[in-house]
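Written out below as structure tokens is the structure these notes cover.
Order as written gives the chain letters A, B and C; numbering starts at 1 within each chain.
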Amino acid sequence: MLVVRLGAILMFITALAASALALINKSTAPIIAENKAKEAQLARMEVTASLGDVTFDEVTTEDGMTYYVVKDQQGSVVGYVGTAYGKGYSSTVETVTGMDSEFHIVGMKVLFQQETPGLGTKSQDASFLDQFSGKLAQDVKVRKDGGTIDSITGATITSRAVSNSVQVLAREIEASVAANKSTVPEGLNLGTLGAENQDEVEPQDGQGGEE
Amino acid sequence: MNLGEVFTRGIIKENPVLRLALGLCPSLAVSSSVFNAIGMGVSVLFVLIMSNLLISLVRKGVPAKIRIPIFIVIIATFVTIVEMVMAAYAPGLFKALGIFVPLIVVNCIILGRAEAFASKNGPVASIVDAVGMSAGFTLALVLIAIVREVLGNGTISLPDPSNPVVAMAIQVVPGSFEPILLFMLAPGAFITMGLWLALFNLLDARKAEKKKQETIQASFQRSK
Amino acid sequence: MDFMNLFVIAVGSILINNFVLARFLGICPYIGVSKKLDSAIGMGFAVIFVMALASLASWLIYVYLLDPATNVWSTPDHPVDLTFLRTITFILVIASLVQLVEMMLQKQMPALYSALGIYLPLITTNCAVLGVAVLNIDEGYNLVESLVNGIAAGIGFTLALILMAGIRERLELADVPKPLQGIPIAFIMAGLMAIAFLGFSGLSVG
């Protein structure tokens, strides 16, 4: 009988603890959700600041990825914003990336990283992120991989995670845009993405070098 | 033992990290910035005060056999409260401390104090004990963090006075010095911890030596 | 392809993000049980065993009982989010699991019990075990990936522990300055080992 009694006591205490937590969760959960939404909205506005006064239309692709089509006040598409997820050194680095309608990067913000303390934070610095501005999003690569982005000293993996994930994001958005539109813009043909890009990318690369 | 002694004991003589070698994981993991160290210290302070208080209040009604599971449930509850409140009101800190917030549950200092002190003493003494021990824990974290942040990043980050949940980094080493990155990384944490432990050992040995000398001298004078 | 992914997770947890030397998990037993090689080996295998079980149990509980997207209480219209109970359920699961393993070993495999028995109670407060359970969820691993990560994390812990025990057995004979003797020198050695393990961070797998 002792076992039953002890079990009952434990059960009672655990139930009490769970209800107390449920109560507190009820009041903090909306704040946490609001924080997240606000942070995401702010980040979107920040990375598209150079596109002027814009609105965001949420789009969810068939694979469940969400991105935003950026429209100006007249309702014409001026760019895209999405969150890139890159497997870094010790965490998944989340980078909000704003692009103009031709997929040139107009702004980037690292939303989350838990890389090596001190080094990972450098991925949020302007000196690293500003290098991406104006580059064609599908082509950003760190110098070690033959690209034009200087890695953060001591954090090559983080730098690579950011640039590679942005690349993937841009390609995915591009594919989705191409699939959604009946009139596909030149060079953004879904079926021939890989090959077409190579051609389109070269001149952009040269332009990037001049800057 | 009077309350003053209960309080000061946790800070120097029985400092949980530097003397008893408890709670080592968070002391290494979150000590890359002074701000994070303080944030972790405050979280532990809250959990330890609440769990010590509650355990001290219910200590006579708790069956000895299921004592530990009950303590764990109590501690886990307060840790989860810290998690939720921090995520809601200090999201930046919550992200920086990461997995080490839920891991406060297994911080041996907390279960250790519950078992060694709160389950045997009254509520007031238990709170004083909690404050003293967390102060000692925070002190140790801040000491490690100061060394690591100054050497590794050239800054000291403190809570921003206008908004204490946000860090404000103060440059203390001129920017022209290249910081020693190693101190920000895992090896720097281990080495800094080792050196602080050695320093505390040294001070302790000096003090014991001095005391020994004094007693010898006193007995010598008496014999004269 | 799938196997490659599991391999990447395993190498990551054993070498690149070694639980002890890079993630700072399980430091207390790492310093406390590394004085003798024999006990380090015993502790190591007990941890691998418990971590594997804890990874499985915590993953199943999280997915089927807590996560609003997949748990049994939720319907598409009424998701029931119990994720706030994660910490409390995980620590209770681990504590009961350790007890259960202890009782089973004692009855079924007394030889193994006498070898690992004394280390089992210490494992409940080993933050590496709770750590791996939480990390599996944070990283979004599936059941197999969680199991592999759990075993790999345990192996990584054991590797660091055995290396350290080997060093400390030799240190006994060395002339270490008095204030550094014992735990301080162990930390400095751990620092040097961590530098060596930093070398693995250059590995780019996958």
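The rule is simple: a residue touches a chain if its C-beta (ideal position, glycine included) is under 8 Å from a C-beta of that chain, and two chains touch if they have at least 3 such contacts.
Source: prediction; values computed, not measured.
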Third chains touching both subunit C and subunit B: A
Selected pair, greater C-beta contact count between A-C and A-B: A-B
Central chain (distance from its CA mean to the mean of all protein CA atoms): C
Separation of mean Cα positions, subunit C and subunit B [Å, integer]: 23
Rounded Å distance, subunit A centre to subunit B centre (Cα mean): 36
Length of the line joining the C-alpha centres of subunit A and subunit C, rounded to whole Å: 31
Multi-chain contact sites of subunit A, meaning residues that touch two or more partners: 14, 17, 21, 25, 29
Sites on subunit C at which at least two other chains make contact: 22-23, 84-85, 88, 92
Junction residues of subunit B - those touching two or more other chains: 69, 73, 76-77, 80, 84, 185
Complex contact set, residues of subunit B against subunit C: 21-22, 24-26, 28-29, 68-69, 72-73, 76-77, 79-80, 83-84, 99, 102-103, 105-108, 111, 182, 185-191, 193-195, 197-199, 201-202, 205
Footprint of subunit B on subunit C - complex, ascending: 21-28, 31-32, 84-88, 90-92, 95, 124-127, 130-131, 134-135, 138, 177-181, 183-188, 190-192, 194-195, 197-198
Residue ranges of subunit B touching subunit A (in the complex, touch as defined): 32-33, 63, 65-66, 69-70, 73-74, 76-77, 80-81, 84-85, 87-89, 91, 95, 98, 152-153, 181, 184-185
Contacting residues of subunit A [partner subunit C, same complex]: 14, 17-18, 21-22, 25, 29, 89-90, 92, 157
Residues of subunit A touching subunit B in the complex: 6, 9-10, 13-14, 17, 20-21, 24-25, 28-29, 31-32, 35, 39, 112, 114, 116-119, 154
